[in-house]
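Each of the two complexes below includes chain A, the first together with chain B, the second together with chain C.
Now for the complex of A and B:
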């Protein structure tokens, strides 16, 4: 049993970026099809990052590189904690740390665009962090443990106890995946706008590291979705994979159909929706 | 093998174009031509771009901007001059403020004729630019390769040795002013 933990962690480190890249490629393909275009090849994100690695070395300052590498490291670390079945709360804190390093990196460039991106990212952290911390608390109320591994030992999957919290999670993931309508800090589609934000001053290898970090994050978010569906039954894993696919398709549809909102709206919606659903879910749980 | 030729990111700058060429550049992104098929992304950021598409001639006001965008792009990079104006000044060539084609400001790799350029010609030009991009990348790789570094090191050592064999410059004699400076000049005289 102990071996499985290490294998899962290793699989995350090695396969994580590939899965993330291919998912991003499929995302771009589906997006293009929705707009009536053919779209880039599925492996396009990998070509992009390979290209970025071949670019000349030049950064605004050395500190920025360092922060981005730290951000990548902590994103991987958070994933390792999660996929080893470790403490969910800890994994979420480490993931936030990673995002904070990206914010500091963007600030360190001292350019108006990346400053604005950094500010918006900080606001986004404020939007989702309360919920991200409350989610493990709810899990603790149900299972009496913060360990992700508990989900595998118990017959009832989390979704049965926390359906409303799951809906909040999907809402929050739209912000975390930086998808429209919440792609305030940096956007995947709007390349010529202010919203390239945080990544404006990143170039070459630094930008490549940022992209790889996003791939790891995507896989970690898939893990978060899957966590709600796995139980002690073997077929629950298939359900989890199905749920991940459905949720991601939903994110793509949301991404393509909604215009960007202001940060005020993001803050209001995210706090109102996630906190209300959280309280409602906890109230229901306490009555059962 | 490299991703360079598979993901040419573009930055588009409108010099003093009549907007005819710009419309055609943007037409490349529409479902009709969809250059994203080839991994082309129209970034608005010189730091991310590999290909610099310029429409319109260079004039006294924008030459600085063109040069700055070019200098902010990282190697390997190529410049594509789109349309008659960008190639030579076009119908604006004898305007009082027009300097001429883009090559008056920065080195151009691909010239695309046409007034306005056709989207097909533009796609062709970017593909031609990819060849140049690949060459530049190979040159860059060579420059950062082990042999190149060794050669540079050897040259540096030779230069140092030469410098060491030269007699040292004599220390400049102190001028009168310097010797005369009184460190305590600012202090109040003691009572």
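Now for the complex of A and C:
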């Protein structure tokens, strides 16, 4: 049993970026088809990053790459904690640490575009952080534990107890995946008034590290979705994988069908949904 | 031996204060401050070394002279307030001071005479923790003040009406330390009250230090609110003396755990909340900003407000699911929520720090109110880390202010280039306040766990949303401090006073050591304290998680030394949608070949989070809750039916 934990962690470290890259490739393909384009090959994200590694080393200051290395390191660290079945709250705090380093990296450039992107990213953290704290709390109220590993020991999957909280997870993930309508800080599409927001000043290997970090993060978010569906039954894993696919397709559809909203709307909606669905879910739980 | 050390720690700072008062030569005072501070720190460490292994000792110590001294000091303090209130024509302060004097006299002659307190002094691991906070961080701040006040004097000397009163400034700082030791070690509540009031009056005098109109006004705001707290305290003492015939802290706590004495305990909690600047009276701590920065550093980190939360933590076993307990939880978590929100809209660095202090004290209060061992564990660690960090941050802002001429966050643009050492201290201090794996956040995590176990979902929601806002206001300030661009002259080298530098680096080292040694402090001091005090303690925060966070800090520090600023990549200019001209000023060539400057301000979201918008509802809400809590306590005796 202990071995499985280490294998899961190792699989995340080694396979995580590839899965993330391919998912991103498929995302771009589907998005292109939705827009009536052919789209790049599925492996395009990997080609992009490979090319970034070959670029000349240039930077706007001597510290940005330091922050990005830390951000990447802690994103992986968070994933390792999660996939080893460790403490969910700790994994989320470590992920926030990683995001903080990205914000600081963007600020460190002291460029108007990346400053504004960093500011918006900090605001986005403020939007989703209450949910990221309350979700483990709800899990604790159901299972009496913060350990992710608990989910595979129990016959009933979390989704049965926390359906409303799962809905707010989908909402929050749109922000975390930096998808429209919540791609305030930096966007995957070329329609931003902010150029590339936070990542404006990142180039070469530093930018490659940022991309790889996003791949890892995507896989970690898939883990969060899957966590709601796995149980002690073996077939629950298939359900989880199906759920992940459906949710991500939903994210792509949302991404392509909504125009970006202002920060006020983001804040209002994310807080309202977090609060209302959490309270409603907890109220239902306490009655049954 | 330990008893002598306790006596020394209480007595020596008074001697030091007298020396400060006598020495009118800045150089001599600097040396004396340094020596006395070091002696206090060494004595504290010696006491910690001796007593850390002991569960706790109560000392048989009855001394009539000490009793009369305590009473005399109470009277003297009342008179000081009276004199000031008459001099500056503040009728409210005058009335309150008279009421408190009357209360003290009534207590002394009609209540205290009939009570004998066998164990007047005690030491246990909690009082030891407070003593170490006071005895280590206090002297660091005093040493910092030596350099700071030299610059302060130079900056203000030309102002009309300025008088060099630095001797009294340092004397008051030492007296504050002595009073804090009294609070830490007194089991006799009458003595504790004296220490409590000394901290109030010292803070009052320190806030009024510059004697400007604003300073006097804010000092009176502080004294009026804290006199109300003092009156609540003495009222609680009178009630306890009448009902229980004892004023030993340990006996009162024991009676409290059986649900007795709820009204007086509620009054003392109210006094603690006021001292810890909780809503609705948080205004006084914001007003205290007018004083020279070392005052703020001292008040926020190791003295004054810490006395308030210390007493709340001490009383935690009596709190929980009763009216005073719920009051403390509600006020604490609401304060955390609202003050975190208001900090977002502040661009004045010192005010952001003040809001952050108030909100963190709210968190500590909420934990104390819950009263379970897990919650107290979290409260103690919040207290430790808040003390280490807040002192450091205030000192950083103070030094920055003297060298860049402003305490505004926007003015700290590019401070990383101008004052790299200071900026690094500031950045690490800020990170310690709000992000894992550093101490405050790990303690906050423990708070969340403790609150779930106690089932206070409302408080939990307030804390989840409050934490998110904490992230936002710290992250944007941290970002500002970390910006690196251009080559501006270093204004730090040879300009920042040696004493300030020494204090800053010692604080950073102390803070990091505390963060890394978190599991050791938990296992060696805090957990044993809880086991002794409660008889049980189930470790909710698994040691494994603490070890993970500690090692993360080590990793960050290692990364810092390996990679930070070592990049040998080619440097280019930032993207400005035009040909860049100057990196320092962020100018580019505009469409008419004229230089255009790109300016960028942080977001303060005033429309949403300004104090103007949030203050009133928060104050009303908290006041109503306090009134309800006391109504329920008087009506039902405070013990709730469920």
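Everything below uses one rule, namely that the second predicted complex is superposed on the first by the 284 of 288 C-alpha atoms of A that agree within 3 Å, B and C clash if a C-alpha of one lies under 4 Å from a C-alpha of the other, contacts with A are read in each partner's own complex, and residues count from 1 in each chain.
The rule is simple: a contact is a pair of C-beta atoms (placed from the backbone, for glycine too) under 8 Å apart; a residue touches a chain by one contact, two chains touch by 3 or more.
None of the values given here were measured: they were computed from a predicted structure.
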Inset, instruction - Applying the touch criterion given at the start, work out whether A:32 contacts chain B, chain C, both or neither, answering first, second, both or neither. - result: first
Inset, instruction - Please determine whether it is chain B or chain C that touches the greater number of chain A residues. - result: C
Inset, instruction - Tell me which partner A:41 touches in the superposition: chain B (first), chain C (second), both or neither. - result: first
Legend entry - Which superposed partner A:201 touches (first chain B, second chain C, both, neither): both
Inset, instruction - For A:51, decide between first (touching chain B), second (touching chain C), both and neither. - result: first
Inset, instruction - Figure out whether A:137 sits in contact with chain B (first) or chain C (second), or with both, or with neither. - result: second
Legend entry - Residues of chain A that lie at the interface with chain B and also at the interface with chain C: 56, 58, 200-201, 204
Legend entry - Sites on chain C touched by chain A in the complex: 413-414, 416, 431, 435-437, 441, 445, 448-449, 452, 457, 460-461, 463-465, 467-469, 471-472, 475-476, 478-480, 482-486, 542, 545, 548-549, 552, 555-556, 559-560, 563-567, 569-577, 586, 598-600, 602-603, 608
Legend entry - Complex interface listing, chain A residues touching chain B: 28, 32, 35-41, 44, 46-56, 58, 191-193, 196, 199-204, 207
Legend entry - Residues on chain A engaged by chain C in the complex (per definition of touch): 56-67, 69-70, 73-74, 77, 81, 87, 89-90, 93-94, 96-97, 100, 103-104, 106-116, 118-119, 122-123, 125-130, 133-134, 137, 140-141, 146, 195, 200-201, 204, 264, 267, 271, 275, 278-279, 282
Inset, instruction - In the complex, go through chain B and note every residue touching chain A. - result: 2-4, 6-7, 9, 31, 34, 36-39, 41-45, 47-48, 50, 74-76, 137, 140-141
